[in-house]
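Naming follows writing order (A, B, C and D), and every chain is counted from residue 1.
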Amino acid sequence: MCGIFGVYGHPGASELAYLGLYSLQHRGQESAGIVTSNGRKLCSRKGMGLISDVFTNQSLNKLKGYAAIGHVRYSTTGSSLLKNAQPFLANYPEGEIAIAHNGNLTNSKELRDSLQDRGSIFQTTTDSEVIIHLMACTSKKSLKDRLIDALLQIKGAYSLLLITEKEIVAARDPNGFRPLCLGKLDNSFVVASESCAFDIVQAEYIREIEPGEILIINEKGLTSLRPFPKVQRSLCIFEFIYFARPDSKIFGKSVYLTRKRLGEKLYGESPVKSDLIIPIPDSGNYAALGFAQKSKINFELGIIRNHYIGRTFIQPKQEIRDLDVKIKLNPVKELLKGKRITVVEDSIVRGTTSRLRMQSLRQSGAKRIDMRVSCPPHRFPCFYGIDFSTRGELIASSHSIEETRKFIGLDSLSYLSLEGMLDAMPLPRENFCVACFNGKYPIPIHQKISKYSLE
Amino acid sequence: MCGIFGVYGHPGASELAYLGLYSLQHRGQESAGIVTSNGRKLCSRKGMGLISDVFTNQSLNKLKGYAAIGHVRYSTTGSSLLKNAQPFLANYPEGEIAIAHNGNLTNSKELRDSLQDRGSIFQTTTDSEVIIHLMACTSKKSLKDRLIDALLQIKGAYSLLLITEKEIVAARDPNGFRPLCLGKLDNSFVVASESCAFDIVQAEYIREIEPGEILIINEKGLTSLRPFPKVQRSLCIFEFIYFARPDSKIFGKSVYLTRKRLGEKLYGESPVKSDLIIPIPDSGNYAALGFAQKSKINFELGIIRNHYIGRTFIQPKQEIRDLDVKIKLNPVKELLKGKRITVVEDSIVRGTTSRLRMQSLRQSGAKRIDMRVSCPPHRFPCFYGIDFSTRGELIASSHSIEETRKFIGLDSLSYLSLEGMLDAMPLPRENFCVACFNGKYPIPIHQKISKYSLE
Amino acid sequence: MCGIFGVYGHPGASELAYLGLYSLQHRGQESAGIVTSNGRKLCSRKGMGLISDVFTNQSLNKLKGYAAIGHVRYSTTGSSLLKNAQPFLANYPEGEIAIAHNGNLTNSKELRDSLQDRGSIFQTTTDSEVIIHLMACTSKKSLKDRLIDALLQIKGAYSLLLITEKEIVAARDPNGFRPLCLGKLDNSFVVASESCAFDIVQAEYIREIEPGEILIINEKGLTSLRPFPKVQRSLCIFEFIYFARPDSKIFGKSVYLTRKRLGEKLYGESPVKSDLIIPIPDSGNYAALGFAQKSKINFELGIIRNHYIGRTFIQPKQEIRDLDVKIKLNPVKELLKGKRITVVEDSIVRGTTSRLRMQSLRQSGAKRIDMRVSCPPHRFPCFYGIDFSTRGELIASSHSIEETRKFIGLDSLSYLSLEGMLDAMPLPRENFCVACFNGKYPIPIHQKISKYSLE
Amino acid sequence: MCGIFGVYGHPGASELAYLGLYSLQHRGQESAGIVTSNGRKLCSRKGMGLISDVFTNQSLNKLKGYAAIGHVRYSTTGSSLLKNAQPFLANYPEGEIAIAHNGNLTNSKELRDSLQDRGSIFQTTTDSEVIIHLMACTSKKSLKDRLIDALLQIKGAYSLLLITEKEIVAARDPNGFRPLCLGKLDNSFVVASESCAFDIVQAEYIREIEPGEILIINEKGLTSLRPFPKVQRSLCIFEFIYFARPDSKIFGKSVYLTRKRLGEKLYGESPVKSDLIIPIPDSGNYAALGFAQKSKINFELGIIRNHYIGRTFIQPKQEIRDLDVKIKLNPVKELLKGKRITVVEDSIVRGTTSRLRMQSLRQSGAKRIDMRVSCPPHRFPCFYGIDFSTRGELIASSHSIEETRKFIGLDSLSYLSLEGMLDAMPLPRENFCVACFNGKYPIPIHQKISKYSLE
């Protein structure tokens, strides 16, 4: 996954981009970058790590200009290398251009092959570079026409930001897989993956960038284009379940309230008798609150998160069992001892981390552990930008729920149903992509990938 | 404040110290250090910043040995300089020795002056160096006798760890201001400020180091000395209210359950009618849970904490109002809009941060805001190791509660009473130091300090 | 200027490249880089600064493989940025390829423009990227044919090294402006700008890469191609005078002995009566030795060079006159006092540094100062790779010799004649480019550059 | 060895200290440090490495004040650790004080032991700390009396600089082993190990600090004290032969001219027939010039020094024979081939490096190699500050000259005689310590050291 942020028309553009990316850091921690324009040329800085690692006061000051786009990256395509950090900047026939991309193209390999055949050379393995090449070698001339021409050739999920000397451009694929919204700050415009990035810079939320919309922002203001035939929306439902920040609005709706409704639905479908309800912090907190309020059972923060987790934790040579889990989360023994506990999780991917956490709860003296999960079992990979594969093999694709329960070591395990999940959503059910749950992919997947990943 | 950790008899001593300090990081983020002994000499590494900043795999590997003591520091005495980082290591007549200290001596200035008069030279401005000098210039010979001789001269709060080539020593002042507990890991012993440090290394909690106890740990096992006349205990009550981690046991009791009881008492004393109860995360979470459960009003996590706060956040030149508060905590607008909210705080020191947070809640649309605080107003400085002064001037020492309510911008404000707070404690009330609330200092304060700080 | 080094067929290829570049460091200190091939893919590392700044043991170990090319850069085209560091690596239709380039193309702007028009995007402002683009978009297929096709389109000075998964290729422009030679180390081949790079790795000098030669080195051994029509050689005479290391052979001949002959000729043309001869160290040392031996006057090292000049010398705020000159060179007062001194310089570019140095000699007590320069006055810019412009405006293009003498503050000043210089060379005079002295450019210069730079 | 520099009365004191130490860098490259006084308190910065590594513009700006002392260190006592970097700063009864020391005390162990017995604790293993302790625990009161009291207790070699809030003090041991001189810059005074440090800051050389002199520099000007009984001078002759910079005056005399005279004497004692004379650069340059001028044989710079030697040269895993030697010095093959060569060296310590260099000359084609050394064989360790032991075992203490000749691989080998060396000196022979040549130590050495080091 990735987070993107753009601003046009503000003297502190690079600083706003820094702050916006700071609040989008949960969408990617591998690399970060900002490109600004001062009206005559682009300035770029990128690096590996968190936004606060990559930028110093000094380096931020060098990024002069009234416009900026920025990117935080959690690798989905391309390997983990500095050269793959975004935004991707290049000289093309019309001058300098840079691009920041959230999502995953499904036909990038074919496009790369045909571009190389005509003599294009590649510096990175990112989708972003493919898009710039397509914009460079079209017969079209204007930025707008070049971009449309390029976007008509690409397939898959993309929420994009482009910057040139004179403008920034936001674009979202016709299905609208990934979120992207528009805000206003005094006389400048801001664009971000999630609305929490507006809060930090004191900007006002205006509206979503619509699926299939291209929005050009320059000194003339906003110009909206919709060059694509209309298709059924396929908003990523997992953004609501897990990925987005709870204090964000995405696709125009509150993440917090949606997660609470997931928890309420979950209790309705799979009630339980327990002494207390605890979340796996922090992602399970909100469904757990909904679950607890519906059930009238006490909500407790029975697992404490260490807030000083550094990026460079040293793995000791003296083996300490399950240290990775322990270092982050520690149960409150005195609270849990002798109790029947219901644990609310947002999702189970590989199951191994859940297993370790439950062992830790048992060692703390929990008498009975029931788990409730606020979405259905994940059985299919995502080809539109969420890299479940980095989280390991999907346990639900090879194990029944009963087998999963035994593996994790639970007294009971229930998932929210597909119906229940869709009912809890704040938008009509047909708007969502639920391919990771039911395998129905809204955009057909290139044969090789599906063979490799699905079978 | 500071956190200390020691281990004796384990081949991975430096790694255990690293992990223990990792989980005590909340007790001090200014500097960190570890000293190990391999039986023949001591090895030391110290640095500014978090434990994960100071140590790399390489630097940790160089700290060989079966025994270690470590320290994380939040400056209370001495200024913020590398030379003041602990443990403090020196050559003294019996060989090498290092010391790590949590607490604050009340007669260190007098002791420094008289040591300098006799020709001692000083490298740091810490209490730790004073103690080593006292141990160096006594007529006593053994480590034990030198230490007792030194401790009989110092006054104030101290939980100490010492290391020499052959042993580690733990000591706690007769009043027992600061916590210190003993654990066991296989055949080795561990000592830590809080029990959460045992959980991470899989050690078993055994007991508290008692007030006035000196515990020598070497190849013969444990030797406990109690050279001091018995005095009334003065355990720091603020460790329970705010400072310690909720998943720790301190002074032998659960922090989490104590904080919940503070919240319950608080609702009993100052009930309220609200649509929802929200904590200031994370320190207010547990009192808020107690408060909410007692009140039957819904608990909500209405303010979201950014988990990617780096240490090097860049302050933008473009002024953004209250950015420091915003970058850490963001309200969930859709939840709060039009609601009557009760906010539970653990304590109010200067009041300015609370004020900014309440403004932020109002901007999010809260209709009414009542605040409940889980301790009495802080009106007096602490001379035993908690540096309220670094958190600014105490608002309650100059403002009435009504004035504070107006300053912060609340519809109502209530504090827990001194009685209520002591009732909520898991130990008899006479065990606690509550000087910061009532000005009754269990150890007399040197004139100059009290004049300077109290009036 | 730049230095390049390549090796094929050695298990420690990256280490040999590191050492070779280490001894070519005088040819460029701005950036350094190495690309290796392990037979399946290329590995790259580049950075700003000296080779010893850019590479650590760890980073060198990651550069696996049996073949390597490397580059040290002193910017001539393109600005001083990491992205312009070489070798330049890209994916092109046949796989991965990297290039390292010493020299300067004279038609690179036209080539860039036409490449951009057909849709190529650019990452850098270097000639190297232009060459790779030309290789990518030809209709030819094999590496050999692609390279020939590209080289037939480029004009100017180039000594090149290419690396792909399977081979390295060395090439030199038909005029042969820049040196490039071939060596042998056990069963592997090495290529370097100067022979001093062979000495350090214990390789044996074999021969020059000939002007107009393309040499492919792979598992089949050496394949030499000569696809260009033969033209008159234009070896850069300034390599002999100043640029190359005195312990190198270039163009097949000894630099040391050539410089001594320049000094001998110089005394023959412009004899002098002095108490002692001193060089401006170290570049003037060898001509000064020749001058002194011919004259029978004592040679003295009257100006001492500081060997601990760091790269990060701090300029004090307290102004100290001519500190840059002083920090590097200090006269030996006791030697110079009251003496008539002849100073031998290799060349005068801007004249300002010479002026400061002569003031410093006067302050040391020199009674009379005569200067002899071992080449004619520099009056024309170089478009083939030597950036006189970075050394400032050429004093000889606007001042007569008498005016220059006065400006520098000398009692007499003589330059070696063009004839004398060519006579001192170890190769027939028609082999050399002397455009910087007489303005006769062997390859016509693009109008805009010449307009801008020449008048 | 070490270099020291002090300044009093200049607004850019830290910058002058930086520059002065820059030019004294040859006296120690292990660590560097500066302490300044702004009249109220001292500021310190120290670090490992070269002066240009330790100080940035930012760190230098933080060293405010009108007075400064600085130190560059090549470890002689104490191991190579940051804590041993100088100046050593401490709080003592009269306030803050810092000390920088060049030399070696011969009774420091006894003094440490007795200081520890009275209760002093030690932070470092340096002589400097011993001196500060002695100043702290005397019954005397003023700085002057405390210093005299301390100096009367120490034995051995020391050139010292002290700084307090109000003054700097320079002192030199009664024998005067190490150099120290006084200069003037406008209205401020400067003190340095060698006069080359005055040249860089444009200061004027005034005179030597005399053996046994204490010079206090404060707002009243200079106060000179001579509290010691007069003893025979023992100036270190090796400073003239090897250690000092050739452009310095030490002990009031020119190093350059002295080295030339050593070379002239050497030819007089041991003439040779050769085609050319070459020095081992750069330390052998000056004796070689004297030798060559006397002999009328051509002087040639036949071995070229690489000027880009970084501190972090990576040792390749592929073994390359004698790389350490090769990387620094490379013979000029074309010059040496078939020639009879006389190599002039300043000294031979272990012999192994000379051996490698001579092999390298043979490989370059030298027909015959004669070596002449500009001092007698080194047969005894130095206890006054020159750490021959770091340069390895002294070959002359176990091998005859003939054995040494064979070991190094020479056609002939001659050393300058003790008489010849003393004759070449610019001061009467009884002024010099020549213990490293004849074992006659002017200050008796403590039994243990001599046993350990001499037998």
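We adopt the following convention: a residue touches a chain if its C-beta (ideal position, glycine included) is under 8 Å from a C-beta of that chain, and two chains touch if they have at least 3 such contacts.
Just so it is clear, the model here is predicted, and its values are computed rather than measured.
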Which chains, if any, touch chain B and chain D both?
none
For chain D, which other chain has the most distant CA centre?
A
Counting only Cα atoms for the centres, state how far chain A is from chain B in Å.
37
So the centre of each chain is just the mean of its C-alpha atoms; given that, what is the distance between chain A and chain C in Å?
50
Give, as an integer number of Å, the spacing between the C-alpha centres of chain D and chain A.
62
Residues of chain C touching 2+ other chains?
none
All pairs of touching chains?
A-B, A-C, B-D, C-D
Quick one: which bits of chain D touch chain C in the complex? Just the residue numbers, please.
10-12, 15-16, 18-19, 22-23, 25-26, 29, 50-53, 55-57, 60, 196, 199-202, 245-247, 249, 254, 256-257, 282, 285-286, 289, 293, 298-301, 304-308, 310-318, 320-321, 323, 326-327, 330-335
With touch defined as at the start, can you tell me which chain D residues reach chain B in the complex?
90-93, 116-123, 132-133, 136-138
